[in-house]
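Look for chain A in each of the two complexes below; its partner is chain B in the first and chain C in the second.
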Partner chain A sequence: MSKPKKKRKTLAQKNAIAGYLFILPFIIGFLAFLAYPLIESLQMSFCKVTVEVGGFNKEFIGLANFKKAFTVDPEFTRLLTESLSSMAYRVPATLIFSFFVALLLNQDFKGRGFVRAIFFLPVILSSGVIVGLEYNNTLLQGMEDVVQESGGNSSITATLQAILDTGGVGSKFFGYVFDILDSVYDVAIASGIQIIIFLSGLQTISSSMYEAAKIEGCTAWESFWKITFPMVSSLILVNIVYSIIDFLIRTDNEVMEKINDTMMPMMDYGFSSAMAWSYFVIVMAVVGVISLIVSKKVYYYE
Partner chain B sequence: MSRAKSIEREKFWERNRKSGGYLLKKSVGNSLYKIARAILLFGLCFLIIQPLLNKVSISFMAEKDLYDATVISVPRNFTTTNYSLANELLEYWKCLRNTVLMALVVSLVQVAACTLVGYGFARYKFPFKNFWFACVILSIVIPPQTISSSLWLHFRFFDVFGIFKAITGDSINLQASVAPYLMMCMGCMGLKSGLYIYLIRQFFRGIPKELEEAAYVDGCGKVKTFLRIMLPDAKPILTSCFLFAYVWQWTDSYYAKLFLGNIKLLPKALIGLTGRLSDYWVKIYGTGAMPSAGYEQAMIATGLLMTIIPLLIIYLVAQKGFVESLSQSGIKM
Partner chain C sequence: MKKLKRRKPNRSRGGDIGIYLLLIFFGIFMALPLVYAINSAFKPLDEIYLYPPKFFVQNPTMDNFQDLFVIMGKSWVPFSRYIFNTVFITFVGTAGHLLVASMGAYVLAKYDFPGGKTFFNLVVTALMFSGYVLGIPNYLVMTNLGWVDTYLAVVIPAFASPMGLFLMKQFMEGIPDALIEAAKIDGAKQWTIYSKIVMPMVKPAWLTLIIFSVQNLWNTKASNYIYSEELKTLPYALQQIINGGVSRAGVGSAVTLFMMIVPILTFVLSQSNILETMASSGIKD
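And now, the complex of A and B:
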């Protein structure tokens, strides 16, 4: 505007420039700290990387790193299948649990704020170093077993299981049930954010909808499936994706630990990049397939 | 009072009779449901809190209590030596100061950058917007480990287009400073930055367009609109994001190990705690002496408590900021 010779920009163009200025930090950060390292680590995964004075050297060796990961390395494929299969039951469990808890916490009762505070506590408790310390306690586990044997008392589930087993009714089925029960704590700890997301979705549903349904003679059960469920279905998709990523990427995931260990103390950058990339591709594939399937069924209000 | 009650009760039975027993059935069912819900909620709350309480009780136990099967949760030999020892081994106050400062700076930078970006995504139309937003999602999905090896080497031999090498003849080692991590946070690539961008964008999208238009009509520029109109509105979501960033940064050990090698932070000290404990044991009891596994765990529990107690206090004070604002802002997809 100040220079009359220059052609004046349209509003859309101005907006576009402003928009780009706003997201500029992200673009720079993305290119410098994500896209570039990502491509470089892809490159590394095909190379043998050696650190030298004043830099590092890459030597192309083709698919050898990937071959090593999938055929030679004794742990990688085992850890991979293990973490994928535990994801298969942990993610649905987390979803159901968090949805259920969100429904409960959305109701009115005394002390709701307090109960909510406790349920969101895992957001703090299941982050970073705390998780690592909580779960790497094989030692503690062993010690507890010893103490329990000598003390003669055992956990409630174990006792129950023993009683039911001697009853001789479908012990295998009970085995599954107790497996799930034993991991309730893990599920509860992992579902803090998901509860918040579901709760925020539940609060956006207007109560007039329920009232209308009630007047029309809808039972609570029906209005749950006909109103609540469709209205939060888009959040179910979000939560599925979040839970999968959270489960597969968290620092105490065994595959992640393996990748880290290969990189930091052993300095085998090529091999760790190869593992990280194959893991990344698998994670993306899982997330992509599941979100494709679920997004077909999602109902969008508005 | 009692009379009013009795009248009410009478009314209740009468109403019940009129409804053909439906009212009684319903109110009994309701109160049964309430009891069941209370039991369930209590159980679940206990489940979540129990490990914490357990740690509290362990942290006050003397070593022989740990192996005494008759001592379950109340320590027989109450002691606070665990805390003083952990304090010494962790260099607690020094670490605490560093961690407080570090988490504060990092999360402020992170939230500031993410706010700008989130606002840009929510309020402006520009070419390739969807592409860039897909990149945000990508930055959430990519495991940091995929790029960490490359990043690490990158910062170890830091250089911008070979400029530094041309001037000084060598690349710079940024590995031992805060600079790389702060740079990453400014570029929205810190711990979970993608998530904050996403949340902030969702919030700004919910603000009515008229507000902005009114500001423009009244002669507000783009920057001024952002600072004066939009930011004050976004306070709840920004506090939420800041608190999350703060807490997660506090407990993070991954980035701390990767980039902040020589700065003493609590999570890192916590990881090294058992090692220091056995060093200490050797120093006190001579070579070959080892702390017992149980005592190591008690020390870890104590250290862990000392690490998260400040966080718990923040959480209790700012509980509303954590949760209510986030859930009331209504994240829509």
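And now, the complex of A and C:
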């Protein structure tokens, strides 16, 4: 991709200064509130951290925390592999689902705004209010149960399943089908943000492109693969990264729960930092490899 | 801006019906929790604890809301103060985040400068780290800056949240370089290019960013950093109300409904404002 080249040095310098000024606020914020705390927690992972009056006491113990996480702790490695393997099918499913829904929502039809609002609801419900207020809230617990029941197996699908089972049609096959239906619900609930990202991407595609394609005799199918898909391909990358991260570090992920439990009630900052960092490195490796592969295929409009 | 009519490939009636059916199917999935939350807000206490729980309310009542207002009225600090705090944090945090992230993203997306790529990779890397783990080091930072127990501790870190930068950069890469070059030739300064050309073109992106950011900040409890009662946020105050015990479950469901209003409104308003943008039109090759 060709960047605007600056011809004369003075102008180039001027531009560089403006560029740095533009990005400076973000860099400062990033260093202070992300980079520095990250380094601090990395340091903690190699230490035995004890709380004292007025601060923390760090005592260097090398790799002991990491050793504990992978060899001594009975749960950590198991939870880790479970998380990663469910991610492997969850993320593609979320992507396909959200892209598909975004395409549908981008069509012109009556009540589009309303339908879009409905599809955004899970984002509000899952990431904000519920997580934020769930402590000691029996109501929301009850709600989750009901949602699970009505969306998952007991009411709708279970009755269907019961009917089909008695019908004697290969019950094993339907067992799979209903497992899939169950996960469809989870996927649908988790894909609100991705739908919005795709949707706003779809809206930046100018309609004249489709017009031109149509005049040239493209079918809808062709213009989807030749226009829509390449134009949002950079957002596919965004969404892959977002979905992986969202799935792996959401508060109800088992590994995150484990890390948090170790940190808060047990006050074992060193051990929990070590777990967090090993988890982090693994997540980073996964995201890195995937985005390296995908970014090769991404098309940028010029 | 003139709204362009999207030209659609001729579609069959059957396809239309299919789309509607699918939307209805998934729409029901999505709406279920909200319907439940609304119903619960109107349930009397005995119905909330009914087992097995009923989905729809049997004897709707406004008691929960009345109780909520009574409790609000009795709070130590006037309740409007909590509301103000949260509105302030949400508004300033979102505005600042939008500005800081989009300015950074503009440079990263459209200019090569030393270290730019590396920095962006670092930001994306930081995305992967959960706020949990940073809790304690972040607290130390705030103490050193003397920001503990001020709005600053909540608002300023929100400015530099990596997700916004990532999102904006990805959208801005879609802007043709030729447009920016043309503006430069016509003598536009960096700020003009950014504010008059780039930003209007990525309007869907920053509306999306606003949705995210409002959503996050509106639900901030900030209980780690803020101790003074008069600086505490609305979700925190409401959580205290809910924690009042089993008998508060009804009020709790009213609170849930109350808290959802703003994010939903933001979403609806910004969605209806996302018009067709002129990206990649305006250019003739």
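As a working rule, the second predicted complex is superposed on the first by the 218 of 302 C-alpha atoms of A that agree within 3 Å, B and C clash if a C-alpha of one lies under 4 Å from a C-alpha of the other, contacts with A are read in each partner's own complex, and residues count from 1 in each chain.
Everything that follows uses one rule, which is that a residue touches a chain if its C-beta (ideal position, glycine included) is under 8 Å from a C-beta of that chain, and two chains touch if they have at least 3 such contacts.
Since this is a predicted model, take the numbers as computed values, not measurements.
In the superposition on chain A, contact of A:Ala274 is made with neither chain B nor chain C.
In the superposition on chain A, no contact is made by A:Met87 with either chain B or chain C. Contacts of A:Ile249 after superposition on the shared chain: both chain B and chain C are touched. By the touch criterion defined above, A:Leu95 reaches neither chain B nor chain C. In the superposed model, A:Phe26 makes contact with both chain B and chain C. In the superposed model, A:Ser206 makes contact with chain C only, not with chain B. When the two complexes are overlaid on their common chain A, residue A:Ala190 makes contact with neither chain B nor chain C. Overlap of the chain B and chain C interfaces on chain A: residues 15-16, 18-20, 22-23, 25-30, 32-34, 36-38, 40-41, 44, 56, 101, 104, 107, 109, 113, 115-125, 127-130, 132-133, 137, 139-140, 142-143, 147, 150-151, 184-185, 188-189, 196-197, 199-201, 203-204, 234-235, 237-238, 245, 248-249, 251, 256, 259-260, 263, 269, 272-273, 276, 280, 283-284, 287, 300. By the touch rule above, chain C contacts chain A in their complex via residues 4-9, 11, 16, 19-20, 22-23, 26-27, 29-34, 36-37, 40, 48, 53, 55, 99-101, 103-104, 106-108, 110-113, 119, 122-130, 132-138, 140-141, 145, 156-157, 159-160, 162-163, 165-167, 170-171, 173-174, 176-178, 180-181, 184, 189-191, 194, 201-202, 204-205, 207-208, 211-212, 215-216, 218-219, 221, 235, 238-239, 242-243, 246, 249, 252-253, 255-256, 259-260, 263-264, 267-268, 271-272, 274, 276-281. Put simply, chain B touches chain A in their complex at residues 34, 37-38, 40-41, 44-45, 47-49, 51-52, 67, 69-70, 113, 116-117, 119-121, 123-127, 129, 132, 135-136, 138-154, 157, 170-171, 183-184, 186-189, 197, 222, 244, 247-248, 250-254, 257, 267-268, 270-271, 293-294, 296-297, 300, 304, 307-308, 311-312, 315-316, 319, 322-323, 326-333. Residue ranges on chain A touching chain C, taken from their complex, read 1-4, 15-16, 18-20, 22-23, 25-30, 32-38, 40-41, 44, 56, 101, 104-105, 107-109, 113, 115-125, 127-133, 135-140, 142-143, 145-147, 150-151, 184-185, 188-189, 193, 196-197, 199-201, 203-211, 214, 219-220, 223, 231, 234-235, 237-238, 241-242, 245, 248-249, 251, 256, 259-260, 263, 269, 272-273, 276, 280, 283-284, 287, 300-302. Of all the residues in chain A, the ones that touch chain B in their complex are 12, 15-23, 25-30, 32-34, 36-38, 40-41, 44, 49, 51, 54-56, 101, 104, 107, 109, 113, 115-125, 127-130, 132-134, 137, 139-140, 142-143, 147, 150-152, 184-185, 188-189, 196-197, 199-201, 203-204, 234-235, 237-238, 245, 248-249, 251, 256, 259-260, 263-264, 269, 272-273, 276-277, 279-280, 283-284, 287, 300.
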